[in-house]
């Protein structure tokens, strides 16, 4: 299992803030594929991925127990 | 008559904050000459002159009723 | 030593000014990011800020550490508010202290630039006729 | 519209922050000049500030007007304290607001540079073994 977070416009697309999903192993790219199948239009949005609160590349491995967040373009300040 | 102000190290030399002196007319340079005679060492100090709260040159005319201040190098902030 | 927080509470400048002040400080700069009513001729009614709080606080901490590496002798406090903010309320406060003033300005401006690029916080503008998440700069890891 | 004062009272940052904040403001910068205990390895016990008050306030006003000419849309408040100041007390506060942040930083730094060059205020440092009026930069009229 991994825990996912959605924010801002992504949260409005998925209609949820967070969820836990089953996960054996795979890369960020594979999770993105899953997200795009589950939430049509997901890859039309712009976002970065953070695993365990660190920005990562799509080639990064995701392990069970990890926390993954989809980070739309930030606009703090 | 003109009114004079002294500040900081100049005030410690003259031993006064301000004074009123008789004045017919003359330039800043002439007032400086008077000050140096009255307070030995006056011209050893560094200062600018302000007449009626404006910085002026030594060639500036001083008229009766004016307020003249000797402004040592400022160190505010 | 430093203070970094993301909070729904009203931000009080004094808290952060005091936090960074100590006997070796000669200069403190404070930046306050304020909710503006008018942007490009469009009137904002209010803003909604959302954050990925633990990551945002972690990244603020990293920005602080980065500043102290670049400019030794500084102390930094940063707070970002979340939730609903009215016009003229403060969204972000950055306080930087330093023995001398130039570094306090430079490090403060660096902090806000980094926040706007890196920290997972989002702003939704609510107008009379709609609303929109504001997409700022995007961080691209190499 | 602007606020410029030379005062023996303790300076309260909120007063100046609030003064420059209005609905079109997106950024406020505040500079606070603090009494430092150590300067070049010498320990300061306290400072004494003296000013030619009417001229100082007039020149602060001129600096403010100058800033508004250079950077339209800014609002400025400046206060300088006089009298005896203890370590970590605030000697000067400059608050500048602007619709956008870069100008708020730039105008604020410009203000403190001008104050240090032009405004008739003097600082005496009192140490354990003596005291001295600090002579800063000197303004030379052409």
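Letters A, B, C and D mark the chains in the order given here, with residues in each chain numbered from 1 onward.
The criterion applied here is as follows: a residue touches a chain if its C-beta (ideal position, glycine included) is under 8 Å from a C-beta of that chain, and two chains touch if they have at least 3 such contacts.
Only a predicted model underlies this, so the values are computations on that prediction, with no experimental measurement involved.
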Between chain B and chain D, the fewest steps along chains that touch one another: 1
Separation of chain A from chain D, taking each centre as the mean of its C-alpha atoms, in whole Å: 49
Inter-chain centre distance, chain A versus chain B - centres from mean C-alpha coordinates, in Å: 73
Mean-CA-position distance for chain D and chain C (Å): 24
Junction residues of chain D, two or more chains touched: 33, 112
Multi-partner residues of chain B (at least 2 other chains): none
Touching pairs among all chains present in the structure: A-C, B-D, C-D
Residues on chain B engaged by chain D in the complex (per definition of touch): 5, 7-9, 11-12, 46, 48, 50, 53, 55-57, 69, 71-77
List of chain D residues in touch with chain C within their complex: 13-14, 17, 21-34, 36-38, 87-88, 97, 99, 101-102, 104-105, 108-109, 112
Touch list for chain C against partner chain A, complex: 33, 49-52, 54-56, 58, 80, 91-92, 112, 115-124, 133-141
